[in-house]
Amino acid sequence: MADRKNTVTRTFLNGLITENPTFTLMLGMCPTLGVTTAASNGIGMGLATTFVLVCSNLFISLLRKIIPDKVRIPAYIVIIASFVTMVDLFMKAYLPDLSKSLGSYIPLIVVNCIIFARAESFAAKNGPVQSLADGLGMGLGFTASITLLSIVRELFGSGTIFGAQIMPESYQPMDIMNKVPGGFITLGLMMILVNAIKKIIGKRRAARKEALA
Amino acid sequence: MNTFLVILIGQILINNYVMCQFYGICPFLGVSKKVDTALGMGMAVTFVITLASFITWLVQNFILVPLELEYLQTIAFILVIAVLVQVVENALKKLSPSLYQALGVYLPLITTNCVVLAVAQKNVTEGAIMDGQTLGLLASTFCGFCAAIGFTLALVLLAGIRERMEQSNMPKWMEGFPGALIMAGLMAIAFMGFGGLLQGLHLVG
Amino acid sequence: MFGKRLFPGGIHPHEGKNGKAVNGLNPIVELPAPKRVVIPMAQHGGAPAKVAVKKGDHVLMGQLIGEAGGFVSAPVHASVSGTVADIVDQLMFNGSECQAVVIENDFHDEWKLLDLPWQSGKPTADELRQVIRDAGIVGMGGATFPTPVKLSIGAGKVFEKLIINGAECEPYLTADHRLMLEHADGIIDAVEIVKEAFKVPEAIIGVEENKPDAIQALREAIGTREGIRVQALPVRYPQGGEKQLIYALTKRVVPAGGLPIDAGCVVLNAGTCFAIHEAVRERKPLVHRVTTVGGLVQKPGNYLVRIGTPVRNLIKASGGTLPETRTIISGGPMMGTAFQDIDIPVTKGCSGILALGREAIDPEESPCIRCGRCMRACPMQLQPQLMDHYIRAEKFDEADRVGVLSCIECGACTFVCPAKRLLTQSFRAGKRIVNIRRRQQKAREDAEKAALAARNAEQQQNGKEA
Amino acid sequence: MQIKNIAITPSPHVRSSVSTRRLMQEVCLALAPAGIASVILFGAPAAVIIAASVITCVLAEYLYQRLMKQKVTVGDWSAVVTGLLLAYNIPAGAPVWIPIVGGIFAIIIVKQLFGGIGSNFMNPALTARAVLFVSWNAIMIKYPQTVFLAKGRVGLDAVSGATPLAELGKVFTGAEGASLSNVSLLDLLLGNCAGVLGETCKIALILGGVYLIVRKVIDWRIPVSMIGTVAVMYLLTSGFNLGLTARELLSGGLMLGAFFMATDYCTSPQTNKGRLIFGAGCGLLLFVIRAYASYPEGCSFAILFMNVCTPLIDRWTAPRYFGEVRKHG
């Protein structure tokens, strides 16, 4: 039992950090770049995606033995699209401002490759508990990275974080951060940074292993 | 005629789905290592988007709106696209094996290309770029076609740059996605000059 | 601004001290034969010659001492009369070693002349080719490709134009210039011999216009002869490249991977023509050549020198090198070979010995700035920067696709490169590797084909049995 | 016997005297008249911007290369060229941090990240200018008057600092009250008009450009095809209005762009045909953006867009090599 718990945790952490969908798997790039002009957008988008991911992972995992292999893709699409529609309608009703600023990226969660990729490569092969953990880990990993990206973009693009003024009053916002080029370049630079950190950690780990040996 | 010109320039240069709006980034980054594959992908996408624009317009106006099922748009459209991709793949396999050989590998990737869904949805809901006016069937299809050409343009341009960058002294850690992202960012700067072009064109028109 | 040009690309390399303008005025001087000559067996393109004498043999001047080692090869003759002192391994300009015959000169200069296969009148093509082969004549411009091989016109090919290369586009070199000026009659005579033997309708002599006196002399030598003309060419390196010269004179393009004869042409160097003249009219095999000594030497000059004379004698005759000399090269500065050992003997292809200063030291390479100068300079219209990238990235198939094998290694791209990249050097290595890979590929394909054929045959056999 | 102190290197044994460094120095020299003109026209603020920009670019390159443990290449003068070009694209009187931010972006993000000189695919100075332009639009379009205009000499609207381009745009679209006579050709030539600091004095720019062409530092094809295309487009669309066309050619960043920025080696095609296409493309886009888009200054964006197209132009205009036999067609 302990063993199983262990793998569930590992699956969760795997999604959150080791195989972070944004920085390692490079999945779901469109919303990552499209909505991250403000930190609140990042969190909103991340949580909406997480919800869909968790639900679809769970359902697909439960139904994995029932769905015939031939029609699995349309079946997955229908399942994912239903949850997306639910989120979309829910947000339109209760979070109209957020819904407006996320715009068409909410319905486009359907084609977010993270969800599809996890359904196909994980949920279809694993049990519901594992799939749930995977969905949660991946979803939160996605949320964390796009929130980070949106914090950076908001800070330079508007001088604020979550709407609160951070930069001194004299700071002149760098408008390009709110535009398409800003998104691409910031993510690119962050990726370089993440890769560099990973490399350093990897080196340290190797050194430690060597020291132990 | 002017409508079509505005759609053409608007979809390709001004509101380019990739360079100005962040759609279809995954294939944009994923299939842009070689100019030839980028062209293949672009052609496949153009094919599917044009067809999808046509069919989704029909679905929207003859099924969803009359039955007041607009809230099912996402599900309906993504199904249409998934089925369409399947049909196109099978049809190509039978009708034109040579074209299938050229485009076949890219087709399955298109289902999850958000440009396709985004274009279909924007075409029927936001009336694309025509001052809130809903586009007719022909204009809508043309709009989809131009959007796809815009996608192809961005894809091929990035592929050209990435091929050239192989000849440069780019550091190791820039290779792959980080480099591609920054290249895309700089490309997007070049596309920004077209902002406001539309109003100008309208003025002349 | 654009300059006249008769072929794509090209450059105007500059000269330092004692260049063409100075040395072109120095008449050819016969260098006294040395006490001993060292005659290498590999002085030509193709297989080396096989030593045909042994130590202690007495040989006459012009006597065969090395037999041609194959079809693409050339015999080698003694350039002095005397005794074979030794057979040694001799270092060559290009750094390789080959067998060489050392002859102790008896200073009698007794000739052993060639036997001409025709009694009187004019030789046929085959007879002439045989004499040229027996005389050991090779391309005297520096490429040293055996001339009779060039003159073996394959089936289906038509020899329509005889092109004489008197361009001498390399800086500093004036050997051909002086030869054309002083022996115009001999050269024109050889042109006529070849032209008539091979029944070529037209012969064109291409000479760069910086040699007006040579052009004048050749025109006078031609006189009223028909079908031979001298064409003055703009000064532009590499005007004397075979393909460039053919294009400039006839507007014909030699297909990539093909030979001049594919464009109906054969190109002979002016020096080669003079050697043919000596072989046919005086029955003398190739035992000497004209070599320029220029650059940083006290007294530059043009010397008629016996094959096998050590370079040292040439330099001594020129008063020695100046102290600022940093490199000594055999051939021209664009395509010649640098060497260290001045005891290396002069060979059939040695058109010049030049001493160059600091400018010959390779500057440090910097990154390509993509200015496109190399492309504009390339006489073969290749894309040097792209080929260089492919070769350095070890993408040899790509390099092959963009035509690296067409590179004539003229050095024009390297000359103009502002980033001082070693382009020609990279192509030389790249061509070698691409050639090897092509051969391997062909061998693989042949093996596969053979295997397939064997399988098919076996199947057929089985079918029949069944 | 071996001669001592002799180098053995493969051929060729002679090199031309043209080096990267000398080419860059020539460009700096050609840019100098326009710089001097800008200091005369706009006074000390222009000098401050130029100095800040050049120093930032050189320093950024030096520090980045030291930090990355690369070979320091500031000696090739390319950073100086970038600095000068960037400064010339900033209005005099902009705060000093503008050229500093721009210089850092140009050198680090656009040039060094991709591997330094020869490896970037977009012109660093222009890209930085576009970034500044989009980010701090208000600062970047605040064109001060020249010293002479401010002193009340006849000219354009002396208060708002409207550029001649804006006035010409009105003439082009036929707006009321707009007239060609408001824009003096002589003022345009001498640079007595509003604009970013280096682009106003056309005579200095043309002088520098012609110098570069004569010295064979740049190829004539790009500037000629670019300026030619703009001229043809204006002639055609304005009903052969020579006055308007001449003024359009001499206003905005066309001269600076055509001679100094479109001709940047590593961001423009290498083939002759490609260069003509590139120039024509720049000219056409410049015309379209100037005439119809919201940024009246289309030169930078036109060149940047063509920069992006350059690899494809090079690829599709690759010459057939001498004697090449292509298997298909």
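For clarity, chains are labelled A, B, C and D in written order, and residue numbers in each chain start from 1.
Throughout what follows, a residue touches a chain if its C-beta (ideal position, glycine included) is under 8 Å from a C-beta of that chain, and two chains touch if they have at least 3 such contacts.
Being a predicted model, the structure only gives us computed values, none of them experimental.
K.L.:
By raw count of C-beta pairs in contact, what's the busiest chain pair here?
P.N.:
C-D
K.L.:
Which chain has its C-alpha centroid at the greatest distance from the C-alpha centroid of chain C?
P.N.:
A
K.L.:
Report the inter-centroid distance (CA atoms only) between chain C and chain D in whole Å.
P.N.:
Each chain reduced to its C-alpha mean, chain C and chain D end up 48 Å apart.
K.L.:
Quick one: chain A and chain C, Cα centre-to-centre, how many Å?
P.N.:
Here chain A and chain C have centroids separated by 68 Å.
K.L.:
Please tell me the distance, in whole Å, between the geometric centres of chain A and chain B computed from their C-alpha atoms.
P.N.:
Taking the average C-alpha coordinate of chain A and of chain B, the gap between them is 23 Å.
K.L.:
At what distance in angstrom does the C-alpha mean of chain D lie from that of chain A?
P.N.:
Distance between chain centres: 42 Å.
K.L.:
Which residues does chain D have that touch at least 2 chains other than itself?
P.N.:
109, 115-116, 118-119, 131, 134
K.L.:
Touching two or more other chains, which residues of chain A qualify?
P.N.:
176, 179, 181, 185
K.L.:
Give the residues of chain B touching no fewer than two other chains, as numbers and ranges.
P.N.:
Only 169, 174, 179, 182, 186, 189, 191-192 qualify.
K.L.:
Let me make sure I understand the interfaces: which chain pairs count as touching?
P.N.:
All chain pairs meeting the touch criterion are A-B, A-D, B-C, B-D, C-D.
K.L.:
What does chain B use to touch chain A in their complex?
P.N.:
Within the complex, chain B contacts chain A at residues 19-26, 29-30, 71-75, 78-79, 82-83, 111-114, 116-118, 121-122, 173-174, 177-182, 184-186, 188-189, 191-192.
K.L.:
Report the residues of chain A in contact with chain B in the complex, numbered from low to high.
P.N.:
That would be residues 26-30, 32-34, 73-74, 77-78, 81-82, 84-85, 88-89, 104, 107-108, 110-113, 116, 176, 179-185, 187-189, 191-192, 195-196 of chain A.
K.L.:
Which part of chain C faces chain B closely enough to touch in the complex?
P.N.:
Against chain B, the touching part of chain C is residues 367, 385-386, 389, 393.
K.L.:
Please name which positions on chain D make contact with chain A in the complex.
P.N.:
Counting only chain D, the residues touching chain A are 109, 131, 134-137, 139.
K.L.:
Can you list the chain D residues touching chain B in their complex?
P.N.:
Touch list, chain D to chain B: 68, 109-110, 113-116, 118-122, 127, 130-131, 134, 173, 285, 288-289, 291-295, 298, 300-302, 304-305, 307-312, 314-315.
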